[in-house]
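Each of the next two complexes has subunit A plus one more chain, namely subunit B in the first and subunit C in the second.
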Partner chain A sequence: MHAALIGQLTIDGLLVGGVYALSALGLNVIFGVMRIVNLAHGEFVIGAALLAAVLFERWHANLFVVLPLAFVLAFGLGALIQRAFLRRLPEDLASAETTSLLMTFGLSYFFVGAWLAFFSGNFRSVPYLTGAWTIGPFSIAQARLVAFVASGIIAVLLAMLLRYTALGRSIRATSQNLQGALACGVDVERVRTLSFALGTAIAAASGCLLILIFTVNPETGANVTLASFAVIALGGLGNYAGTLVGAAVIGLAVSFTGYFATAQVAQAAPYVLFILVLLVRPAGILGKSGA
Partner chain B sequence: MLSVRDLNVSYGDFKALHGVSLEVDEGETVVIVGANGAGKTTTMKSIAGILHVRSGEIQLCGERIERKSPREIVERGLVLVPEGRHLFAEMTVQENLLVGGQAVRSRRNLRANTAAMEERFPILGQRRSQAAGTLSGGEQQMLAVARALMSEPRIILMDEPSIGLSPLLTARIFAMVREINGMGITVVLVEQNVVQSLELATRAYVIAEGRVVLQGGAAEIRGHADVKRAYLGEV
Partner chain C sequence: MRRTRLQVIAAGVAATAFVFVLGGPRLAASAADKPIVIGASISETGAYADSGKLALQGYQLWVKQQNATGGLLGRQIELKTYDDASDPATAVRLYQRLIDQDHVDLIVGPYSSAVTASVANVAQQHHMPMISPEVASTAPFQRGFTEIFQGIQIAADYVEGPMAIAKEKGFKTIAVTGEDTLFPRSVVSGVDDLAKKMGMTIVFNQLYPHNASDYSSIVEKMKQSNPDIVLAASYLPDSVGLLRAMKQANFAPKLVYEGVGPTELSFGTQNGKDADGVMGTGNWSAELKTQGNATFVKAFESTFGHPPDYHAASNYAALEVLGEAVKRVGSLDSAKLRDQLATLTMPTVMGTYKVDPKTGIQQGYKSLVLQWVNGKQFVVHPKSLAQQPPALPFPSWSTR
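Now for the complex of A and B:
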């Protein structure tokens, strides 16, 4: 029985971890290319989640309609923000990282306000898939499984884009060596815009999946941002494979502490891990940093 | 072909170049020598559009390029092999070549050019799927040059290609520079190996403290007393 319980908590944890992984991948693409720590990331996740909830309430809109819609809208919004704000930041100054941090911090507050105005402060969820499948002693929540599989598909598509397309090569080249990319004539400005747009769109996609599992309101964004950072800190900044490991660890931590302690402790778990990792292994569990 | 006039470049308050002027004719190999910190790399990066030029004029085949982006300059046929190579260390050898060939002018010949590079540098063909960061120093330098050639340049700027390499490898790099020039590509070379580079150059410039202090035919520079004293260890 004890083994069955541990198995169940592991399944729950890993399934949620898939969605964390997707959100963190979006953040990592942006950091890799732009060296910008995007503090407004969670707001994009939550914005899409709330949009999905409202469309479901009003029209029972299907996830497979909402997700592509949110993806496209967020892509456009991300491109716009990069062009209008982030691109104007001074590039050569030592203060550039601080400036970008302050700017995304400001954007984060702006979007919390905007979502409050659009969606009100109510907590929402999407009771779209509420059933569960039973396999032996385990119960697998449909919503979690669908969210996990969809996250996996999107992550694989992202990996293929990065590996097999000219744009993907340009994104990786710019992440790995900016001077080299400039010398090769890579259109770095275009790569930056598309990376920020892509990262934002992935955040939105993860929001549409997250709301299948959790209840959120406009002020939940900060939690998501921090959880995504915790995932990245565990996996190593700029390290895509590490992100998956980090997400699994965070998912398991939340699932186990939620059962053995309380929901409040579970909410704190990612940040405790985040701090521990920064103290003990600042380059991440896999010990490799792209920064 | 390349004409630099009265170039001034600063890093913050530090003025790195004080009115540098250079002329490079089509088909030449021009070498730039000078001590560390003299402004050689700054000159190269400014021409390639990577550094902001405060004032002065850079013309490529009669067209002003000092306000163009690095990408626009690569599109016009000028490419830089940067000091320290700046490869994409975690990408494969082949991927590095593909990124090098993304200019519009070279994009449709991507496949053919990759094959040509693998033929010219067989070691790159053998290591096609290996991460660039795992190559030896000499192999990395070859890859950096091959990556630049992928853009089908008319003029190639090479910044210290022999730095950190053994004498044997350095000799191979210089043979490669000769070959590239033989392909009809104009070469501008920044080098620490003054003797060897003057042997393959048509003309040379000596830069000190951000200024051109000496210029002329390679043989003439080779025979100049100041150069002998400062760079060749002769009295």
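Now for the complex of A and C:
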């Protein structure tokens, strides 16, 4: 095998992984703080992706103008959903995971229908940055690199928010120990609303980048949700650095199996990895064992 | 309580009387005054809603035009349609209802191959001949049914056009790919035999699953096999995905064919200049010089405010054929209609309608090879219908 081919597959894999990473980060923030498995996550990603595609079709709206807009809209929508629905679920933790699962499942159906009504069932993508830059023997897809870099910037901003701000500290506290956070006077309700809103907004941002690479319609959201789950399960639920590692592993697995095996194997690869990790390291690659 | 019961009885009596007053005269009227009812189910909601709507409008336009010129057999025509939400089981129930409860006089086919395959059983059981304008797969016609007739080009014919073009240009090696589902698989099923016949070699043959999102690996593999032609049996989303991955890998073979994806107008909007040179298979084009086509396009646009697509055209053509069969038979006798539909040869907006009398498989309609040139679709094959010759080789990515 040529070294150049291996290099090319590695580049392709890592670049796609970068976009998975952002979507998965949004999901992980929500899970980390709220212990809510948000099955409607992919619908937020796809909703923003379709919005970006439609604005591009109509007015050639630049994706990097649409991205902050989608971020703000989704932030509001996320806060609304948390206030109107999720907050009303029973507090009892044992049943909360099941009821939140059912509720987000229902929300996901609602949004698929809403996007179908609003955007129609057409598949859409955006013809922007479709070319490639050639560096030595490698070709680097422009859209993928831009999406990767943008994902990276948003991930770094998120990390800084979590590490250096009061809100970030409250989020991490709630995520690590609910009782402790309550005892220290953290306004847990507010933190939950802000985290759900933040997770939804990150999902929307990743949607605006995803549309650069993939062709989507309202019914492709479930695939995004599944892929994001595989990524955070690999990296460790609630572990933000692990999410990046998980995304890179999955991106590489898809790229290499797609070449050396078949596209069918590539599609199964994330889930095979996911099962293997659950068997061998149930807490994820970077997770603390026994956590 | 008693008063309530009395009220219910009174309401019941009144309602019955009302029904008699309204329904009585209608029941008594002779059959000749009633409209001829044509029944169908269409996917008006769900993921196929957009194409389903155009298919329905094709039916509607023919009925409207026909009624304006005196209807059929001296009677007006009424179209009775239900929404099957793209679900085969629902469509089966709806056709049963159309036949058993609504007592429609004639039926025509629903939208999509899968739905048609299920509904064919119902048509067969009730001996209601059905012309189906939305089923490109021949599988439903090979089950010994006698009542269904294909109103669109067959899928296995699709790759013949691009391969004939390639042969003429002396291209030798082929990479075959496509979505691993029923329709694309039937599109590529004949490639092996055709390649042998034409003296070409298949150097790559691998399908990808439905809902695949990343095509960079499969394109990288195709590129390594270094083919002259890429034949992909793809729909719109995978056509766009494959083409983009080819550009990103800087892979430009001499001919690129992408199934039915390039026939959709949004293939152009989604790909911009990258669409140039890509070929696809179309069933119909607004530019086609078939009988009545120009008038059809104009009437469709003025009625619905948007241009027709091939769904609208094939559904319109189906009713053209059914109407002609009824005229020739002179009645709604289903046995006679069946025989007429099996043997009739007539020009429609789609081309010349002609089916194999035994199976009902379409033989007359020829599929068209379309090519994107400077942001527009042109028919480039077969020569008799071509607007211009194919522009080959496929332009390199750096010269666009």
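Everything below uses one rule, namely that the second predicted complex is superposed on the first by the 283 of 291 C-alpha atoms of A that agree within 3 Å, B and C clash if a C-alpha of one lies under 4 Å from a C-alpha of the other, contacts with A are read in each partner's own complex, and residues count from 1 in each chain.
Assume a contact is a pair of C-beta atoms (placed from the backbone, for glycine too) under 8 Å apart; a residue touches a chain by one contact, two chains touch by 3 or more.
Owing to the predicted nature of the structure, the values given are computational and were not obtained by experimental measurement.
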| item | value |
| --- | --- |
| Partner chain in contact with A:A49 - subunit B first, subunit C second, else both or neither | neither |
| Contacts of A:T220 with subunit B and subunit C, given as first, second, both or neither | second |
| Dominant contact partner of subunit A by residue count, subunit C or subunit B | C |
| First, second, both or neither for A:D187, with subunit B first and subunit C second | first |
| Which superposed partner A:S170 touches (first subunit B, second subunit C, both, neither) | first |
| Touching partner for A:Q179 - first (subunit B), second (subunit C), both, neither | first |
| First (subunit B), second (subunit C), both or neither touched by A:T130 | second |
| Touched partner set for A:G121, first subunit B, second subunit C, both or neither | second |
| Subunit B and subunit C footprints on subunit A, overlapping residues | none |
| Partner subunit C, residues of subunit A touching it in the complex | 5, 8-9, 12, 16, 57, 116, 120-127, 130-132, 134, 139, 141-142, 144, 213-220, 223, 254-259, 262-264, 266-267 |
| Subunit B residues within the subunit A interface of the complex | 48-50, 69-71, 73-75, 79-82, 85-91, 95, 98-100, 102-103, 147-148, 151 |
| Partner subunit B, residues of subunit A touching it in the complex | 166, 169-170, 172-173, 176-177, 179-189 |
| Sites on subunit C touched by subunit A in the complex | 46-50, 180, 206-209, 211-214, 216-218, 220-221, 224, 236-238, 240-241, 244, 247-250, 266, 269-272, 274, 397 |
